[in-house]
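Next come two complexes built around chain A: one with chain B, the other with chain C.
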Partner chain A sequence: MSVASVASAHVTGTLESLSTSSLAGTLVTLASVLMLLAAFACLGSKLFNRYVFYYGVQSVVLSFAAAVVAYHFDSGELWALAFITLALKGIAIPVATRRLLLQRLELRRDVALSTGLSTSLIIGALLTGFAFLVIQPQDLPAGAVASSAVPLSTALVLLGALCMVVRRHTIAQLIGWLITENGVFLGAITLASTFPFIVEAGIFLDLVAAVLIMVVFVSGITRRLAEATASELRELRG
Partner chain B sequence: MGVLLQVLQSLVVVVFAPLYAGVITRVEAMVASKRGPSVFQPYYDLAKLLRKGSTMSDQVSFVYRGAPFVVFACYLTVSAIVPIITSVPLPLAFLGDLIGGAFVLTLASFVTALAGMDTASPYGDLGASRATWIGSLVEPALILVFFTVGVLSASDNPYLMNHAVRASPYALVLPAHLLGLLAFFMIVLVENGRIPIENPGVSTEISMIEEGRVLEYSGRHYALMRWGSWMKFFLMSAILMNVFVIPWGLGGSTASIGGALLAIPVLLGKVAVCGLVVVIIDTSFAKLRFFRIAEFVGAAFLVALIGVVTSYVVRV
Partner chain C sequence: MTALIVLVVLLPLLGALAVAARANSRGAGIAMVVGALGSFAAAIVLAAEVAHRGRVEAWGGFLYVDALGAFFSVVVSLVVVLASFGSAAYLRVEEQRGELSSFQARLYFVFFSVFASGMLAVFSTGNLGLLWVLVETSTLASVVLVGLEGKARSLEAAWKYVIISSFGVTIALVATLFLFFSASTAHLTTSERLTWLSLFSHAHSLSPTSMRLAFLLAVVGYGTKVGLAPMHTWLPDAHSEAPSPASAMLSAGLLVTGMYAIIRYRAIAIACLGARYPGTVLLFLGFLTVFIGVMFLVRANNYKRLFAYSSIEHMGIIAVALGFGGTLGLYGALLQILAHAVGKAVLFLSSGHLVLGYGTRDAAKVRGVLTALPLAGGVLLLASLGVAGSPPFGVFLSELTIVRAGFAETNPFLPALLLLFLVIGFVSLLATTLAMVSGEHGDVEPVPPYPARSDRLLASIPLVGGLAAFALLGLWIPSGLNELLMHSIRAIS
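Coming up: the complex of A and B.
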């Protein structure tokens, strides 16, 4: 992909995407598989610091994928996004969550699960299958898209949502939400490398705000109630 | 020529399997800052055991007496039908595909379990019961793993799988293939009693699984059992490397003794890579509680299942 064709894509407004068989497409697919495994590891674990660790790993892999796409399309905006991803999601959010939440509240083992680990893993596998079923990757333009990365990103979105559903602790739900966001970002860079930078930057800003709010919120609730699971909050309903 | 290659391949498995086990034990000891036994210790053990007579209870039946020979023969059969040192199908390759190979491995495990129960020793019973339970969990995951590679090669013959992967190296990074690789590696750990499942080579009564079944054996019979289990580990590592990771380095497209001889050091190198990963896992993880083994095997099943799901996009 030359610079000129990327520029023309900007002009004409068509979406540029990776081809399946190029090296970049292969690397992005590889990264998506690793991200999926990280999401499953998160879903199959019971320790808070593991959640945060797996999320960090997933984000580092995501930033690698973003860097591959940026290199492939020679796009400065995507390079910036890759570095922001690495710094913010790969390092800052995991470190902040660990320092501000896990260590301060002395959280170790997550006991607020709605289903057993095996059940949630099986549901996760079903959701992954569902993602492939609805995306129908073999119908995507042949050779135009890194075809398995698209359903894998959808699966990540669903797995993050599943994480929020089966975990009742607020921090676990926060991690689920962050996984969903990773999935959306992966889908965005795979499908449309010319995704407007301003949108992505806005999302990053949201992310930081959300994590900060969550820190304050969870700390406050835990101080009052000595527990921060959503089941406690549910009792506040009229 | 084919017959020679056939014999050579089985010989390679028989001869180098103890060395593989010895090297892994030695390296693990070195990682733990110990000196460890010589890498040839398994050979010394075999030589010593083969020289000794075998003590048996007078209550045991022919099952117990015959089991070591059946088990050894099973592993020899598998060594004849999978690509170890050549990618050209050998004369005996028609005997079975990978699922057939898995059946033969299961037969060996079944006979071992029978022999363990035949002595009426509580440890034999215990080991047999545990190993059979784990085996029943592993089997579906193993079959799904074969499907993940089978999707690519439209076959479950290990030679054709090897050819298909070699023909399109791009397939090596397909999600289906990677997930299949991961699942198969987990199964190799489970089947050979490596660390998340069992402490290898440690006979602590409470945690014995594989070791429990052969606890009553001694002398020549024990030697065959030990040798068989080393061969199993070597075989599974070789299949993992030759079909899933590095399908190259198996001689040329036509069968030749020279190519096969050249493939032996390459094979040892490949298997050493697999052994290194096993050592890393052995030394950095703890053994799982018994009832969490189901979760570990379940994870392997799940990974293979996702592999199959993701593989239906494959149109190479």
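Coming up: the complex of A and C.
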């Protein structure tokens, strides 16, 4: 009996008991798919407040996934993380971006696209396929939710990077980075749900600081250039 | 011992405290210098203690200093000392000229302190998750320094820096996750699965597939901070647009901090996978970086960008040395880190004299520095000779060690290729700086960079002191340093 309890404690540590067929596993997989859709919606839109809206939706779904994992393992630290995610990524960052950047700088339509919307959606689809190709299921615990969520989170990381590459506006690049960050977090709750809390808290602190600094720079650059597109930022070369 | 580590990490915050106590930029500068000197002294004592009594471990592995960490603390706290002297003088002149408001000057000292303290904290933790958090913290603090002047060019550089390196550091976070996951096959508690020492000693029971992925992602992610090609594109912009003492910190301190993380991951990867895979990754990226650095050295016309590309070249050389491996390779890599830190700090500080004196960063407009500003010109000439790899300076000795390690550990083609790159780099760096220091002044009539006597003194101390240390390193390695280097190598192999 003692052997069994030790083994199960070890297994809960790696989230291997959260199988794809269980209700919690299904919910986490569903949330990952919704997050991927939100990233595609972001990639297929041209309006700044849509970017921010879809990012907010994605973060709320992410916090839902974290809450499911927290409920499944009955872990207070994971509950705390789910609430921080909701408060910070789902509410505070979208509201702050909208108030401090979009409204104050009167930004509406993103014209600094280096590819058409359909092209970037096609590239996004290819990247998603690529993510499923490179993440070999045999490296991940068999039958666990990680085997479906980790390729999806890799796809989110790549889509965020794509957003940063094809959009030249500083705000679009900021949202692209935040999508990447969400993808990493999704991977974290499924692959490494028992990350030490102090480290997770530090990661969130850095996220807040990074967003604050970026907001300051975006408004500074926008004021300097009236129309802040990173494509106009090409004085420094060579 | 724990108290000593806390002193090393927290003393640089004196500068921020002085600002909080409403000191002006002179007061904050002096506080910064005092804090940095204290931190350097504590780091020396710590290194001696660690070399004598062995590693320090506390707070469940969150606090951990071994010989390698102590060595890096000494290197970076020395850089902080040099840059603090430079900052105290440079910021005051910028403020007097109206380039910066007094608010901006105080902002500089707050973030300079946080930046310094964050870097030193990286070397005193054994938890790789916390290490990630601290690397990101010091990066964010340094971003503010890059964008401080608020001009379109510096904002552009700061944006490029923050967005590219945040993305890179996010990749490093994925590496941390995979490392944590690779330990699920070993019998470790969740906190031990991120603790470097327990991962290193249980390396044989980590899952090799995820370890391979973790190492690759860590080299790419932290490599973005180090300036390994092709993730180096932010580096020349940020290093040329920051105020010169901040450039010295970025180039001599932050790059080295990123390299520290890579060295830690390399140690675990070699213990788990054998030397071949990590060595190949580092050799490939290292040679690519040296190539890119040298090629841009040939065509750079902004002298601060020139020095930045020379930093990229140096980081590539260090990656190559880590790829060669062996005791000789590691010895060369660590010696190169120390010599690079001292030499590049001096070089960027001397560029501060030129920026203030000539008001331009264009190397073609700067002529006759030796006659106009004898001290800055002399230091510029000698430091760029040294950084390029000429004897008797430290870089010559370390690069020679690395090439010897190459001949000993791999086929002779690779070190020969490295030598070729070093020669091209030497010629192109020296061609630009020799033209700058010699002759009569050209289009721009230089003004005295530091009109006040106290500023002149503060600005000269790091130039003379740093250059002396840089030259000494090539001639003589003190037995204490040698012992520390050997202990560091033993700690990671």
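As a working rule, the second predicted complex is superposed on the first by the 214 of 238 C-alpha atoms of A that agree within 3 Å, B and C clash if a C-alpha of one lies under 4 Å from a C-alpha of the other, contacts with A are read in each partner's own complex, and residues count from 1 in each chain.
Criterion: contacts are C-beta pairs under 8 Å (C-beta built on N, C-alpha and C of every residue); 3 or more make two chains touch, one makes a residue touch a chain.
If you're wondering where the values come from, they're calculated on a predicted model, not measured in any experiment.
Student: Kindly classify A:196 by the partners it touches after superposition: chain B alone (first), chain C alone (second), both, or neither?
Tutor: second
Student: Once the shared chain is lined up, is A:112 touching chain B (first), chain C (second), both, or neither of them?
Tutor: The answer is neither, since A:112 touches no partner chain.
Student: Based on the superposed arrangement, let me know which partner A:177 touches: chain B (first), chain C (second), both, or neither?
Tutor: After superposing on A, A:177 lies in contact with chain C but is clear of chain B.
Student: First (chain B), second (chain C), both or neither: which does A:128 touch?
Tutor: Only chain B; A:128 stays clear of chain C.
Student: According to the stated criteria, A:33 is in contact with first (chain B), second (chain C), both, or neither; which is it?
Tutor: First partner only.
Student: Return first, second, both or neither, reflecting whether A:152 touches chain B, chain C, both chains, or no partner chain.
Tutor: first
Student: Who touches more of chain A, chain B or chain C?
Tutor: The partner with more contacted residues on chain A is C.
Student: If you stack the two complexes on chain A, which partner ends up touching A:44: first (chain B), second (chain C), both, or neither?
Tutor: first
Student: After superposition on the shared chain, which partner residues are touched by A:161: those of chain B (first), chain C (second), both, or neither?
Tutor: It touches chain C, and chain B stays clear.
Student: Common interface residues of chain A with chain B and chain C?
Tutor: none
Student: Which residues of chain A touch chain B in the complex?
Tutor: Interface residues on chain A, with respect to chain B: 21, 26, 29-30, 32-33, 36-37, 40, 44, 117-118, 121-122, 124-125, 128-129, 132, 137-138, 142, 147-148, 151-152.
Student: State the interface residues of chain B toward chain A in the complex, per the touch definition above.
Tutor: Per the stated touch rule, the residues are 170, 173-175, 178-179, 182, 294-295, 298-299, 302-303, 305-306, 309-310, 312-313, 315.
Student: In the complex, go through chain A and note every residue touching chain C.
Tutor: On the chain A side, the touching residues are 10, 13-14, 16, 136, 139, 141, 157, 161, 164, 170, 173-174, 177, 180-181, 184, 187-188, 191-192, 194-196, 198-199, 202-203, 205-206, 209-210, 213-214, 217-218, 220-221, 224-225, 230, 233, 235-236, 238.
Student: Which bits of chain C are touching chain A when the two form their complex?
Tutor: 62, 127, 129-130, 132-133, 136-137, 140, 143-144, 147, 150, 152-153, 155-160, 162-163, 166-167, 170, 173-174, 177-178, 180-181, 184, 187, 190-191, 194, 207, 209-210, 213, 236-237, 240-241, 296, 299-302, 305
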